[in-house]
Each structure stands twice: as structure tokens, then as C-alpha cells.
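What follows is chain A paired twice: with chain B in the first complex and chain C in the second.
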Partner chain A sequence: MRLRGIFFSLSERQSMNAHTHSTDDRCENTDDRRELQMARSMCWHCQSEMAGEYFCDRCVKVQPVSKDLDYFTCFGLPRRLALDPQTLETKFYELSRAFHPDFYQNKSDAEQTISLGNSAMLNTAYRTLRDPIQRAEYLLDLEAGSVKDIRTTPPADLFEEILDLQDTLDEFRASERASEHASTLRTKLHADRAVLEQRQRDMEAQLQQLFSRWDALQDRAEVTEQARVERGRILKDMRDILSNRTYVKNIVNDLVATIA
Partner chain B sequence: MSRIVGIDLGTTNSLVAYMDHGIPRVISARDERAMVPSVVSLTDNGLIVGDPAKEHLTRNPERTVYSVKRFMGKSLADVQGELAYFPYTLTEKGGVIRIQLGEKSYSPPQISAMILKELKLRAEAFLGESITKAVITVPAYFNDSQRQATKDAGMIAGLEVLRIINEPTAASLAYGLQEKTQGTIAVYDLGGGTFDISILKLKNGIFEVLATNGDTHLGGDDFDQQIADLFLAEIRAQYGLDLSTHPDHMQAVRLEAERTKIRLSSELKTTASLDLPDGKGRFTRELTRDQLDGLCTALVERTLGPCRLALNDSGLAPGDIDEVGLVGGSTRMPLVRQRVRTLFGKQPHCELNPDEVVALGAAVQADILSGGTTDMLLLDVTPLSLGIETMGGVMSSLIRRNTTIPASAKEMFTTYVDGQTGVDIHILQGERELAKDNRSLARFRLKVPPLPAGVPRIEVTFLIDANGILNVMAKDMRTGETQSIEVKPSYGLSDQEVERMIEDSFKFAADDVSARKLIEARLDAGALIITTEKSLADGGHLVSAEEADTIRAAVATLTTAKDGTDPRAIRARMADLEQAAKGLTVAMLDDSLKQGLQGKKVSEVTQE
Partner chain C sequence: MAYSEKVVDHFNNPRNMGSFKKEEDGVGTGIVGAPECGDVMKLQIKVENDTIVDAKFKTFGCGSAIASSSLATEWLKGKTVQEAGKIKNTDIVQELNLPPVKIHCSVLAEDAIKAALADYQKKADSK
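Up next, the complex of A and B:
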């Protein structure tokens, strides 16, 4: 049952890949891609046609997880941002039992290598999907082919506040720690920290809303122009908020480290 | 598949365990305890290991190595601060510590290999089969170099190390097997020289480590040192004696400090007593448990920081922990138990022997690897972040600490200058911002085809395997060719050095066997001489004067042979003595059986 489920979502993934291919500039060229797909369809050991995803139906040898397989598909999950942690964990444990090197100690070198590679990939996939923020960043990457946007200037609506904060931080670093002035600055920094942390929570709430809108749109699976535009807008908004959030988070970390 | 044993290679004591029909058991030699002291001594009869070697700590301190685990994967600079405490001589060659024993020097993996060999022999004698495969435990917080050094030790001892497993997680396997626990557990492992804390989630046979932390330089040894320092200061004040110039007495102080500490786990006060040199008599001192607690509080407090960090990394509060398990001999100290109870707000578990639980867990893991146990699976983590040095001496993290292993990260490298043929890569481990503050693991040079700058694309895969050991692979993305990389470890033996040590160990194995034969022959000869002399004293009147003289002559010949170095000659003289004393033995037996057998002679009885 499990294998069949994965097989269906695999074909779903292939159509998505075709759709997003043009925007994915980091992807290998089309020839490489075809070669990988070819390799996937045949068992490395007995060369028979592969029907199952991770184990050959005929010789029961473990198969390397394709580099093209996205993490959602790997776990047999739809590409949605709301995700049940219990389901994810259960699936992770199940696949760990299938792939972990502990169970390949008596097998051939080739199988041990595959087990190691698959386990490492599975662990990365689980770590990424388990965390809502990393999951959204990963989905953005899959959907819009964007690498994480690293912001170097403050978000527009926080510009003044951040510049003020930087000044206060510099002043605090230069001040005598025991002085009254430092104590005043420290109080101000604590207040700033509270503001920024609230700001972070607001952004997370906004993200949650975007996540729900995205999932709803995916569930409807409309192929209209309107839906396409809506998708694009949600993805752009998500990316903006995610990068602003990372920026604010780094500032908060810096602030905490300074006043500690 | 041949049997795989589980080995706990400890700072103070080591053990070997095996799986007996689904139940892990430790192996003890005949009439001995299961624990083998991790001590190696060079005596006139060769290298000895374990309890007999421990006796040489005070007799032969310069040639007796203990706590060698503290030096695994370390350079001399790493241990500079504590060199004064060790009576044996440490030097360094190629970033690896060497321990001087007589005319030769040994790397820590070689010394550890001697302990492993002793355990291997015990297991072979007990199980009656050859043992070539093992699972060996290490502290969870051991870095890559320390793990690699442990693996090297196994190889030098003639063992294929199928897995390096973390001590607290090994313990959790033993606990889990026993209790069938579900939920979140914390394993607090305070051994002779290292401290680990691991937080695990147990669910349906999966043991998932959420976070681990620790201090590879904190353990029972440090408590002993506190007490020893107190004794030494008082001896100096009261007797004007500086024992640091008496290595044998320094060891006696250390051992008495350890015994005092152990007694204070069950008693509220005790008296330590030490012989002093230069005819100064004895030093005696009463120590109460409160005083001991005072000496050790700061050290015990040091374990709580890593506990909090591990909780934080696993996203849990102390109240979220369902159970706390105690591992390691130092957790017998009431102060330790009390602090752990306070931190986690619950009574810690200590049903399993804290000295044995790690070896038992290693045996469970060995059984999983051999396919015996299939319902349990341990998902462990890497304790330290792994990264590479980037521009400006900053560490760029590739695999974060507490990432489930196996774990991999890929990094693409290119060139900055036209025609550049290599890229130097420096691999680091640690949590600090700057490369220089982290542990240097290795350096290697990536070979690049001479092309315009930025054109080459070499993908390097950093893979931490299930042992927590790093493997590096490189692939030229333009040609698809993989490149083998020669990684030079910063603080470890090169492959060639390990090879040579394995060869050496085979060479010495022959010497070791003959040394062992000699020791055994001497012991047996000694025993025979003593019984014969006793027989002569008790029953000499039962034989003729000539016969008694012949026996005495044979004893004298054997005594001379025993001082020689030929075990075969000793055995031959023993046979001679047995022959010469046969009449006496029979006469004594006859004498003692006279009444019971109504005067029948033994010779008659045996002829029937």
C-alpha cells in the first residue's frame, strides 16, 4: 500500500517538475535529468523494471533514492504547508527502519552505500519538513526555484527602528558596563528586544495565514489564470516575510548576545 | 555471521559483553570481576594489563599507564595543564601524543589496543570461539579525532570495529530493553574521565536522540584529584613533605583519594590513611561526606550547564523529561544524584549497575548489527557542528550539532584565479564563530583542472556516518568523475601509521604470548614449590632421608629455573620435582586415608 502511494505521488511530482523547470536555474541540464529518471526506472542490481519506489519488486534490493525526489514525495505527503507532525514522525521512523545502515551490516558494499546515502537524505528531509519555517523555505525553493533570500538592508517598515537600534547597540558596546548610562541603554535595548520579538510573532502569524491560503489553493487545484496569479502572489509574499523574519531574527540574536 | 561483542572502553575500567539469547551479559574471567582496570604496565616480564597492572601503579608509576582515554585524539598542547599529574612521560609526534614506556613510545590507540586485546582474550576464553568483530563505545561528546582514534585502537587490537556507539545511548538501549520504556528520557553519564548528557525519545523500539552535550574532560578522576590535592597540601603543611617528588607516593595518594570518595558514597564519614616516605610515619585524616561535597560541588555544577544546553537544543523543559537514567560509576556519589534530581525534578533511575550498563547496551547494538535484534533502532546525532574555514578565518557550518546521523552536506567549490589547480579545504568541528577557536579535524587539497576562474565546479560531499565519523567525497560536476581525497588528520594517526601499528602488534603478539607463558609458568612453579615445601615439613618423616634430600634438590633446581626466562625449562623442572615428590605425595595420602580405608594402601586401591 505504502509503495503504491509513493508511486502515484511520484508521477504527480514529474508533472510539477516539468512546470517549474524553466525557473529552476540551479538544475542540471536536461540530459542529466533524463539520465537520472532512466536510472530510477531500472533496478541497479537485476536490471528489471522498477515498479516499487525504494525496493526492487523482483530482487528486493534497496534502491538509491533519486536526487530528484523532493522531500514531500519522499514522505508520501502532498506539497502542503500544514502538516501533521505525528504522520511525519511515523513515516520517518518507518523509512528509518527501511534504510538505516544498522540493517545492512551483512549486505553487499553496494547496498551499504545506498543505505548510507538514503539514510542521510531521509534525515535531511525530516529535519527540513519538521520545522514550519524550513518547510516553507523549502517549498518556496521547489515552487519558485529561489534560493534563500539573504537580506542585507532592513525591511522598509522597520528601517528607522533598526537604524536607531544599531546606534544604541554601538553606544552600549562602547559604554562602561557598570555606568548609569549603560544601565539606561540596557533598559532601552530590552524594550527594543520586546518590540522586535513581537514583530517576529506578527510575521509568523502572517505566514500562517499565507500557508493556509496556499494549501487551500493547492487543494482546489484550479488551472485558471486567476489561480496562477494568486499562486505567484502568495509565493512572493511568503518569500518577503520569510526574509524579513530571518533579518529580524538575526538582529534579535545579536542584541541578546550583546546584552547577555 | 560471526559473533560481535560489545565493548565499553572506559577511562578507569573496561568491560566486554555479549548477547545470550536476547539478554545482554558481561563477561568475567574465571573467579574475577567483569571490570578490567584500564591500566597497562611495562614490567620486567613484558606488558601487562588490568588488575595485575593496577598493582604496578604505586610500585612502578613511571611505567604504568592509566586514564589513557583522556589522550585519545589529542595533541600534547591539549593536555598541557594536567601533565604534572601523570607520572609517565608524554611526548608528541605528528600531532599525536606518545607515551614513553621503557625504550619504546606508544600512541594512545596502541595502549587502548592492549586493553581491547585483553577483553578480546577474555571473550574468546569464555565463549570458546575466535572474536574478530566488536562494537566499541565512546563518550557522546567525543569529536571526530577521538572517535577515529578509538576505531584505530580496535584495528590495532585485531578487531573489526563495526560500530562506534555513544555511551549514553548504548545505556539507553540496555535500559529500554529492560523496561520497555516509552517517552522522553535523559541519560546522565558521569564516568571516570568524561561526562555526557543525552536526551532521547523512545517510541515503539525507535530510540531517537534529540540532543546531546557534555564535557570530555570531566569525571571521577577530577573528584579524586580534588581530594588528593587536599591530602597533599596537608601533608606538606604537617610534615614538610613534598610528595610530588615521589611518584609512587603520588599514586598512593590518588588511589587512597579514590577509595575515600567511594566509601563516602555509603558512609557519612571515613578515615583516609597513607604511608609517608622518609620514615615520617602515617598520615591519617577523617573526611566527612559534607567536606567531600564541598570539594566537588564546583565540578558537579559543571555538568549542569551541558544538561541545560541539551534540553534547550531538544526544545524541552526539565519537566518534559519522563525519566532520568544514571550511568557511570561517579553517579554513585550522593551529591551527583541530588543535583540531578533537583535539575530534572524527579528521582533518577539506577536499577542497572552503572558500571555495566554501557557494555550491556553495546552488546544490544552488536546484536542489532548481526541481525539478531530487529525491533530496536537507535537514531543518534552528531554532538558538534561540522564546518569548513572560509575567508577571513570564519567557520561556515555545514552540518549543525544534534543533526541525526548519517548526515550529509554538499558544498560546491570553484576557483578564483585562471588556471588554478587546487583548492585548500580546512575541516573544523565546534560551535565557535572563528575557525581558530574550533577543533581542526583535517585539511585536504581539492584537485581542480586548470581552467578559467569560476569555471570548474567541484562538488564536495561531507558525510557523517552512523559512527559519527566524517567521510569526504569530491565530484567534478563537469566530467562527473569522482575524486579520491587524501585527508590528513590534524590530530590523528595516518592510515599508514595505523597499518604499521597493526603489523607491530602482530609482531609483539608472539612476544606477548611467550611473555604470558613465562608468567604463567613462574606462577605455577611458585605454587608447586610452596606446596612441596609444606608437604616436606608436614610429612617428611614418612619417607627416607635420601628421598627427602632428592626432593629438596629438585626444589632447588626448580627455584633456579624459575628465575630464568625459559618457560619450557621451568615446566620440565616442575615435572622433575613432581616425579621426585611422588613417593612423598603417596605416603601422605596413605597416611591421611589410613583410618577411612582401614589400612588399605592407596597403591592397592588404585590397582583394583
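Up next, the complex of A and C:
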């Protein structure tokens, strides 16, 4: 949608220029690309230099949100994991009002398209940043390019544990509900559940700690080798815990559903 | 989304479910997981004279993951270690008719085969 917005601006500009330029309409690809880049720093409508954030200062037309803009920047927030939900919400409502398609019904097609695209992007951005886990996952995606290896290390012990527990669950499902064997298994499963839920809480705490360490490191903004290594380590640890969290969550859900 | 008949068949009648003792001679074990969906797959091979004589799996995950690993064990039996390394996830996708959203299940199965083979090799080399 966002891209469509930009294309719209291009075609519109081309048709505007059509009477002044008699050059071939099918301009070469390289020109297209150059124009696309320019479209970001220039108002699609009046072509004046863009100083405003989402609206042109001169002709007040809404501007397409660039696809290079990350969600943090989109809300005017620093790339940190601690985030005040109130600030995010306020900014979200403010921008929602600015972009809402209802306010563009009497505007040009180009503006309607931009309003739709921007609103869709804004909603996704808000949903992503609102949830701390999704926010962290998103940050990892953003940083994936800058750090060499933030792939997860498979937690072999956890896998073994999950598969063992799965066996017990199967055994429990197959057992006679009223039997003594079933009640022994049930007791064991309840104990396992308590252990796993404690582990979930531990993981949340570890994540919180990593989030603070990341933010602190970003605030210091050092460019030393040491800072670079530390950055990589924090991101890698985050990646690992986020993955382990998914595995544990799945088995806990299964467990709870079975012994309910 | 509907599962293909073959997936349903493997899901309802999984082949070679179970496990070998890890320490057993000639046994290679691969345990892998997909962090996106939380599926966990364990695949084991038993090798005699460079040929896979038996294979077992245990999978905690969706129907496609179970079917992929079940099919993988079927294919592994009778293959040499070298042939086994050539099994590709795309073969599994094709055989089971997996839809795009379930392709990662077949990748998981291929990873599990690779991990089991690597584990077998490591054990063999350390002797």
C-alpha cells in the first residue's frame, strides 16, 4: 500500500509534466528508481523540499510513510525496549486522526491511497510495539543486519525434557481416568506444570534484565569494540530466551489442556 | 486449511514412532526445534555397516511436523548414510503435498536427519 502511494505520486507527477515534456513516457528503469528515492524527500504534490514529518509544509498534503521508516521512528520514539505505553498510545491516536481514511473522502485519489496505506502501516506498527515480546522480536529483526549472528542455539536439554513430558502426557491420555496410575501421573504432571511455570517467570525476568541492559547500552552510545561485542551478546541472549519461551509456552498449553 | 490424505494417514498411523537408547552402538540422534512455532522433533537412526537398518522418531508439534518426520524415517530405512544425506525437504513437501505455511515442518525434518547423521558420524569418529 505504501509503495502504491509513491507510485501514485509518480504517475500523477508524470501526467502533470506531460504537457511540458514531450519525452517518451516509458522512461528507463534507472530514472524510475532515482525518482522513487527523490519522492521521499520531496512532496509528491508540490515538489517542494519536505521538512514536515508527514505533511508537506507548503501545500499541507499528506505524505506516504516511507517503507524505510522503522516503527520506533514512525512514532517518534527512540529504539529502546522500555517504552511508556501511555506515550505510545497518545502518539498512535494523534497519528490515527491525521491519517484516518474518513478525513480523506473528499480528497484526491492519491491522497486517499496514501491515507489508507499510512493507516494500515500505523496499525501494524502500534500492535507490534504495544506488546513487549513482539517489540523485542521486531527489534531483533531490525538489528539482524547489524549483528553477525543472532541465530538461536537449540536448547537440547529443553527438547529432551519436552519430549519426555510428552510421553507422560500420552501415557496419561491413554490411562483409565479413575485408575490409581492416572492419579499418580496427574500428580506428576501438576508438579511438572509448576516447575515449567516457574521457568516461564524466570525467563520473563531474564528478558526484562536484557531489555534494560540493551537500553542502557544504547543510551551510552559507545562505538568501542567492547560495546559492539556486548551488543551482539545481548541480542543473541534475547533471541535464545524468546525461542525457548515459545517451546515452553507450547508444552505448558498442552499440559494445561490435558490435565484440565 | 485441509491436510492432504497422506499427511492424515501418517498422523493417524505414524510409522516408526519411538526411540533407541542414545548410547547404543551405531545410533545417531538428532533433536531439533522450530522457534517460530515451538515444534520439537527427535529423529534417530541405527546404522550397521554404513546402512541405516532402522529409524525412529518422536515429534511434538502439528500434523505436518509429525507426518514429515514419520515419512523421513520410512525413507531412511535401507539407505546408506551417504544416500540419507541427500534427502531434501522439497522431496517431503512434494510427497506430502504440504502447503506453503507448512514448509518449515519439512525443513525441520531435513534438519533432524542432518543432525542425526552428524551425531552418528561424531560417535563413529570418536571410536
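One rule holds for everything that comes next: the second predicted complex is superposed on the first by the 202 of 260 C-alpha atoms of A that agree within 3 Å, B and C clash if a C-alpha of one lies under 4 Å from a C-alpha of the other, contacts with A are read in each partner's own complex, and residues count from 1 in each chain.
Quick note on the criterion: a residue touches a chain if its C-beta (ideal position, glycine included) is under 8 Å from a C-beta of that chain, and two chains touch if they have at least 3 such contacts.
Predicted model, so just to flag it, every value in this text is computed and none were measured.
J.: Which partner does A:K249 contact after superposing on A: first (chain B), second (chain C), both, neither?
T.: second
J.: After lining up the shared chain so the two structures overlap, which partner does A:A144 touch, if you call chain B first and chain C second: first, second, both or neither?
T.: After superposing on A, A:A144 lies clear of both chain B and chain C.
J.: By the touch definition at the top of the document, which applies to A:A98: first (chain B), second (chain C), both, or neither?
T.: A:A98: touches no partner chain.
J.: Once the shared chain is lined up, is A:P154 touching chain B (first), chain C (second), both, or neither of them?
T.: A:P154 contacts chain C only, not chain B.
J.: Going by the contact rule set out at the top, does A:M42 touch chain B (first), chain C (second), both, or neither?
T.: A:M42 sits against neither chain B nor chain C.
J.: First (chain B), second (chain C), both or neither: which does A:L163 touch?
T.: second
J.: Contacts for A:L217 in the overlay, against chain B (first) and chain C (second): which applies, first, second, both or neither?
T.: A:L217: touches no partner chain.
J.: With both complexes superposed on chain A, which partner does A:N123 reach: first (chain B), second (chain C), both or neither?
T.: first
J.: Spell out the residues on chain A that touch chain C in their complex, using ranges where they run on.
T.: By the definition above, chain A touches chain C via 152, 154-156, 159-160, 162-163, 166-167, 242-243, 246-247, 249-251, 254.
J.: Can you list the chain A residues touching chain B in their complex?
T.: It is residues 93, 96-97, 100-103, 105-106, 116-117, 119-121, 123-124, 126-127 of chain A that touch chain B.
J.: Which residues of chain B touch chain A in their complex?
T.: 1, 162-163, 203-204, 206, 208, 365, 368-371, 374, 377-379, 403-408, 463, 465-466
J.: Can you check the complex and tell me which residues of chain C touch chain A?
T.: Answer in residue numbers: 31-33, 35-40, 42, 58, 60.
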